[in-house]
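Chains here go by letter, A, B, C and D, matching the order in which they are written, and residues are numbered from 1 within each.
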Amino acid sequence: MEKNRLEAFSDGVIAIIITIMVLELKVPHGADLDALQPLLPVFLSYVLSFVYIGIYWNNHHHLLKAIRRVNGAMMWANLHLLFWLSLLPFVTGWMGENHFTPLPTALYGAVMLLAAVAYYILQSLIVAEQGRESKLAAALGKDFKGKISPMLFVVGIIVASLATLPSGAIYVVVPVMLHILVPRFLHVLDR
Amino acid sequence: MEKNRLEAFSDGVIAIIITIMVLELKVPHGADLDALQPLLPVFLSYVLSFVYIGIYWNNHHHLLKAIRRVNGAMMWANLHLLFWLSLLPFVTGWMGENHFTPLPTALYGAVMLLAAVAYYILQSLIVAEQGRESKLAAALGKDFKGKISPMLFVVGIIVASLATLPSGAIYVVVPVMLHILVPRFLHVLDR
Amino acid sequence: MEKNRLEAFSDGVIAIIITIMVLELKVPHGADLDALQPLLPVFLSYVLSFVYIGIYWNNHHHLLKAIRRVNGAMMWANLHLLFWLSLLPFVTGWMGENHFTPLPTALYGAVMLLAAVAYYILQSLIVAEQGRESKLAAALGKDFKGKISPMLFVVGIIVASLATLPSGAIYVVVPVMLHILVPRFLHVLDR
Amino acid sequence: MEKNRLEAFSDGVIAIIITIMVLELKVPHGADLDALQPLLPVFLSYVLSFVYIGIYWNNHHHLLKAIRRVNGAMMWANLHLLFWLSLLPFVTGWMGENHFTPLPTALYGAVMLLAAVAYYILQSLIVAEQGRESKLAAALGKDFKGKISPMLFVVGIIVASLATLPSGAIYVVVPVMLHILVPRFLHVLDR
């Protein structure tokens, strides 16, 4: 399989996920600020998920740039990743509608954790094909991100079942951390 | 017609189908496990359909790889396939919401059967153009999958009207079988 | 503007329109045939619109094949066409839900008429750029389709306000007619 | 990052936004003109947003045509633009449903303003990379559009909180103005 079609298909699914999430922002019937206010947490969870999806799309692109051909295992690993991402609109809406209460927040973290695991599997398959000596393996060698962010999600899930606020903080820390690490990753790979 | 645009359009439709299905997972209003529980069968039917769509997308890609140009008949055969796949979100939602009761389960099987028939028509048109001696024809020659899976769906529909559980089992058997056969198919075509 | 991106964008919009129409097929709550029955006219109008969109997508592709560059006027003519097509899910749903009663059926015809006019404008712009001597102009020269089908829609709208059945017949005649003429069009252009 | 995938992803998101907006046109239950009438303002706001999105898509295309590679900053600036555009279906629906009353109209203007700012940031990043001497910088040099339209939106927001009609007029003026300036922009860049 040429990677072009895999990229195009993944982009399509991710573009739809990012856009469909906004449908959870239901148009309110009133025309005043009171009508908007209950939408605030839904909006905040939308922003958070939008950032996550952006990070995934960006990383996904750099991961695929390294390879030339896609084998069957990579294709299913990629679909596996898209599956967990496709649940994001649901868990985002549920977390937002319930004002970040423990269970929805924990479920959000669990889906993000599974997406991170799926990404890790895809990455491992690609590194395995590229060989340990490849540029990609070097770029990922000092990859704290790949190792730490799933752990943070686990902590987030556990904490969420106890108290919501600290868990929310972790959710904000992860994208920020990824965001700072992405440029370095880019740097190694592009040069 | 160049096949690129047909591929891109099919990818677009399939990417949207796979993502729109998740909209049937309506965000519940409660924030506890009781609110999630009624969604379990909807989730399970989503997983099943996601796997099916993944298989179709994968096979579709390998089928089109063999050809260079698309004629009018192929284009309509492809739209015919997309039509049945586009009904998948509806039948998935209906089957899930009704906890796999006979009629919705039978309708699900019927739509999958018609999609399989549509795929078979498309495949036949392509093989006819490629010629009996082509690599594609060779790859499909020992194709048990193409012949058996429609039959299994027919059995599934009949059984579903009597009892749901065995029919469900057949629905699970088909993707597993396809999944095992896909790599072999890949192997013949790629080498 | 290169035509690639115009094609890709149009394909994206058309793929989403064709898929979003199926959302009007709301999942019923009952699990028996009685629950499905009210959906029959919605389903029929979906099939009709699916065929129309397929025809438009196919013709659109052949029209664009003739050109190399897209100017600003073509881009807006293309967006104008996509605008009317984007209203198809709405009028399809309305016509289906109201069992093909006069007003919704007339509105459906009006939107299709405006889409046909938009297509004609786009085609004229492209022919103007290609020149009267071009292959495209030759292919369209004997084009009864482009001239007759808008007229049929006008008749359809008028008739619909009087009685629904004959109007419905015209709606079925048009795609069939287009479907028969498309291969001839293809033939002239491809060879 | 190659710009192809950025273009394809942006096109995907924009195509979905433009199509999803039409979902706010809920199919009414009645079959007469009275049932359609409440949809008129929703339809009008849909038309307005459709034109805006068309302008953005067109300009976005010309902006990206100038560059060859996309760096991390551009990618995030682009996602930032898509974020504000993704809120368009929501604010369009809210403004339409509330018949252009002050607050929803002001919010619509605010989102459009933020999209304009995001577009400006993206443009600045690209110009910075291209250099002051580039064709793009020349094309944008006399760019009244980029400087005036955000200001008009600010005025629109303020006016909207006082009276709706004049604000609505500004919203109509902006796309018309952009539409007239776009061909000139095209002219400079293409030749």
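FYI, contacts are C-beta pairs under 8 Å (C-beta built on N, C-alpha and C of every residue); 3 or more make two chains touch, one makes a residue touch a chain.
If you're wondering where the values come from, they're calculated on a predicted model, not measured in any experiment.
Visitor: When the CA atoms of chain A are placed over those of chain B, what is the turn angle between 0 and 180 degrees, to the nearest 5?
Guide: In degrees, rounded to 5: 90.
Visitor: Measuring between mean CA coordinates, which chain is farthest from chain B?
Guide: D
Visitor: Between chain D and chain A, is it the same set of residue numbers doing the touching on each side, over half shared, or a different set?
Guide: different
Visitor: Which whole number of Å gives the spacing of the CA centres of chain A and chain D?
Guide: 27
Visitor: Could you grab the centroid distance between chain B and chain D? Build each centroid from C-alpha atoms only and quote it in angstrom.
Guide: 38
Visitor: Can you tell me which residues of chain A touch two or more of the remaining chains?
Guide: 8, 12, 16, 20, 23
Visitor: Looking at which chains touch, is this a line, ring, star, complete or other?
Guide: Looks like a ring, each chain touching just two neighbours.
Visitor: Every touching chain pair, please?
Guide: Every touching chain pair, ordered by label, is A-B, A-D, B-C, C-D.
Visitor: Under the touch definition given earlier, write down the residues of chain D that touch chain C in their complex.
Guide: The touching residues are 7-8, 11-12, 14-16, 18-20, 22-23, 25, 27-29, 31-33, 36, 47, 50, 54, 57-58, 61-62, 65, 182-183, 186.
Visitor: Hey, which residues of chain C end up touching chain D in the complex?
Guide: Chain C residues touching chain D: 1, 5, 8-9, 12-13, 16-17, 20, 23-24, 71-72, 75-76, 79, 82-83, 86-87, 89-90, 93-94, 97-98, 101, 103-104, 107.
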